[in-house]
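I'd like to ask some things about the structure below.
Letters A, B and C mark the chains as written, and numbering starts fresh at 1 in each.
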Amino acid sequence: MTALLEVEDLHVEFRTRDGVAKVLNGVGYHVDAGETLAVLGESGSGKSVTAQTIMGILDTPPAFVTKGAIRFHGEDLLTASDDRRRDVRGDGIAMIFQDALSALNPVFTVGFQIEEQLRIRRGMSRKDARARAVELLDLVKIPNAANRVREYPHQFSGGMRQRAMIAMSLALDPEMLIADEPTTALDVTVQAQIMDLLREIQVEREMGLILITHDLGVVADVADRIAVMYAGRIIEHADVFQLFRAPGHPYTESLLESLPRLDLKGQELKTIKGLPPSLTNIPPGCPFHPRCPRAVDVCRTDVPANHRLGLDRTSACHFAEEVVSRG
Amino acid sequence: MGRYVLRRLLQLIPVFLGTTFIIYALVWAIPQDPFAGKCGQRACPESYVAAMSEKFHFDDPLPLQYLKYMGNILTGDFGDTFSGVSVGEQIGAAYPTTVKLAVVALLIEALIGVTAGVLTGLRKQGFLDNLVLVSTLFLISLPVFVTGFVLRLYLGPQGLDLFDVGVDATDPTFGQLILPGFVLGSTSMAYVARLTRSSIAENRHADYVRTAIAKGQPTRRVVGVHLLRNSLIPVITFLGTDLGSLMGGAVVTEGVFNINGIGGLIFRGIQEKEGITVTGVVTMLVLVYLLMSLVVDLLYAVLDPRIRYE
Amino acid sequence: MSDPGAGGAGLERAAAAAVGDLSRVDDSAQRQGKPRSLWSDAWGELRRKPTFIVSLVIILVVVVMAAFPSLFTSVDPRAANLDNYLKKPSADAWFGYDVQGYDVYARAIYGARASLLVGLFSTILTVLVGSVVGIFAGYAKTWIDSLLSRVGDIFAGVPFVLGAIVILTTFNSPTENPSAVRIITQVVLSIAALSWPVSMRIMRSATLVAKQQDYVKAARGLGASPLRIVFRHLLPNTVAPVLVYATIALGAFIGAEATLAFLGIGLRPPVVSWGVMISESRDYFQAAPHMLLFPAGFVTITVLAFVVLGDAVRDALDPKSR
């Protein structure tokens, strides 16, 4: 059974005046209908770039895809024509972004921006499009949808705006939704509401959902599987329960350890020392080795392979098996 | 929105009064003798002086003079010159020509400027881009009268004879105004091109453009609807204020092309020492300019919903 | 508001708006302890830019021309020989002769001084007045700001050319023949009087932005006097946009001098300036275009140099292009 979406060995470079940044170095993951994959990582890990490559919205130049495949229903999008890629956007795979205020066009009403999908791509009449837009706003639980459809993005509160963006992304009934840090800019309480909404929609429509985030807490509730990214690589891939119970990579371990825990009050907060590597100058061997508490010589010279830790579970560490059994 | 308009109007009034008062004072209060040179070499006869002083309220203190004058203006009475010619009529004859010229200039500058700006803003490198950058730089640096003379020499009857430069004295056709209009608008055109170019180049990478692309909207629409609608806001507001400026600045172009508009009127007013003509013309232009800036503010609110709800 | 009809003066508006972005000079604000780093970065970048070098060289040449005209020509600009009436350019006189028999090239060289002086003094005055009022308006209480802004609006409400016409003819009736010093002063004052609102707005908006920075609030919290805040904290961060504006405005004002002379209300004989030469050539344009084209060429190239320079400096100082 082929997955709905399959990213395979993706390599992307950014070529700038100051050098070539290797932003993605062999990224691979898959998502099925009805399941949620969380892509976790710090800024600069490449999680957004992967998403943008899937959608085909990278600025080329300076970005260049040098290797890999992105298969949607088995079809490799990277070799598809521009028109075909455009077809898939919004209809096959839709994307929502972090900051709804800047992601929505400030000079058009929310209704206009939803309706244009329906009118331009489905050929609906203005009247029908308007009715459907109101329905969609209702669906995402925006009160008084019939009036709010005529309002501008800046007139909405942060949470409402994000809901409106979600409504817009659902207009063409996509099979898959990529949510790039959808709640990072929102209050904690609103965050929970939005995550619930996403989950609900996903279940109802049996959509595949890729949730990009750096927030472990968000992930625990919603994700089925987690892919942890570091320096343009997936360094661990596991089922959510497995990951939290027994992480298979030192980086994941450190991430979990750095979460503040109420039951360990009074102890020092743990951090991961050091900074992520500069992508124009990735260290040899394992990219995490400068910050890894377990690093030894082999880590500095050899790039770790993806060790299989179980069915659909991998970790890119020389000592993956030991790390996992420690948990 | 209504309150916004009201507020702007209230701000405009003191500015209008301030500007026109300064002009009035400059023309009437500073020169020692408003009658110098009016009657040839000799001093003017007593009776003449007395009659004119009454008519123009010279015996009143300056602020009162000014207020009476403004009062008249606002009822449409621009007064008469010393020799009895109605200033209102003079303006009525000359002004439409200047307006035509300014409108032609605005259309040319908008069309060429925006097109050049859009084409180069979308694609920042290349021959066209460099061409536009260099030529706009030249147009901005060339004083208008130089552009005027050069173009008139080389494109007019003496040169390639592409344009008929003998402009009809009383009522030039739009065709005859194309070359002068181009000259008048040349500096602004360069500026519009650059402004459009940078606005588009900046907005091209905006998040909402990325969203529109991610939605799968056709490129035509992403650029033509989403990008343009945002990028053109500063350009349109500039064009709005420019119309007022063009009318004020037409003086020079009118001189180069011998067009009988406001410019000629002012110069004649100065030569013949008819202060009332000068104040009348300038006051009216100031009013037009201020009104245009109010219109532009309103336009801005129409174009950008974000500032509508202050 | 200066208008494009005067060619040079409209340039100012371009300058003012081009500089708008620089008011958001947030980058240097963070480097408050080392404001030099923005400037030394900018200098490093500028040194390598060919457009900057070329325009700087041109300006230096013009300055030398103005200061030491005899280096460029041995001909006396006041030697009039009517035999040479309107002669075209030749090997003896590269730019030909004008209607009174003057050597156009010599006059153009000597004319640089007046044109440059007018440009320089107008810019200094405009920037000084505008900056003082602007900082004051940006930093002081709201009603002072409103008042000063309205005053600025009043002066800005006069279209440049018309305003200059009214001012200059009021103080000099067309038949009078004012002395060189007097007319230069009047032209400089007129230009400054009509242009200071633009420079005020730039300074004001830069001040408003700088005022919001945390380090200014911190300084106030520590009890720093307003004067100290203005000089130590605000001024360094508002200098950049004003500097760019001043560079472009210098060019604009040289152009404005030429325009005013063209209209007959600016500098006039016996003063020699590029503008004067242009105005004298008005009636002879058909017969002897060289009389107008050469001084006009000087004006254009000089203005161009300043504009390009200002552009280059603006790009170098722009924190966004880092």
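Note that a contact is a pair of C-beta atoms (placed from the backbone, for glycine too) under 8 Å apart; a residue touches a chain by one contact, two chains touch by 3 or more.
Bear in mind the structure is a predicted one, so any value in this text is a computation, not a measurement.
Q: In the touch network of chains, how many steps separate chain A from chain C on the shortest route?
A: Between chain A and chain C, the shortest chain-hopping route counts 2.
Q: When the contacting C-beta pairs are counted for A-B and for B-C, which pair yields the higher total?
A: Most C-beta pairs in contact, of the two: B-C.
Q: Any idea how many Å lie between the Cα centroids of chain A and chain B?
A: The answer is 53 Å.
Q: Rounded to a whole Å, what is the gap between the Cα centroids of chain B and chain C?
A: That gives a centre separation of 22 Å.
Q: Can you list the chain B residues touching chain A in their complex?
A: Those residues of chain B that touch chain A are 205-208, 210-218, 221, 226, 229-230, 233, 303-306, 309.
Q: Quick one: which bits of chain C touch chain B in the complex? Just the residue numbers, please.
A: 1-8, 10-11, 13-14, 17, 150-151, 153-155, 157-162, 165-167, 169-171, 173-175, 251, 255, 258-259, 262-263, 278, 285-286, 289, 292-293, 296, 299-300, 303-304, 307-308, 311
Q: Spell out the part of chain A that touches chain B in their complex, as residue ranges.
A: Counting only chain A, the residues touching chain B are 55, 57, 59, 86-91, 94-95, 97, 99, 102-108, 116-117, 120-121, 152, 154-155, 168-169, 172.
Q: Would you tell me which residues of chain B are touching chain C in their complex?
A: 11, 14-16, 18-19, 22-23, 26-27, 30-31, 36-37, 137-138, 140-147, 149-150, 153, 158, 184-188, 190-191, 194-195, 238, 241-242, 244-253, 255, 266, 270-271, 273, 278, 281-282, 285-286, 289-290
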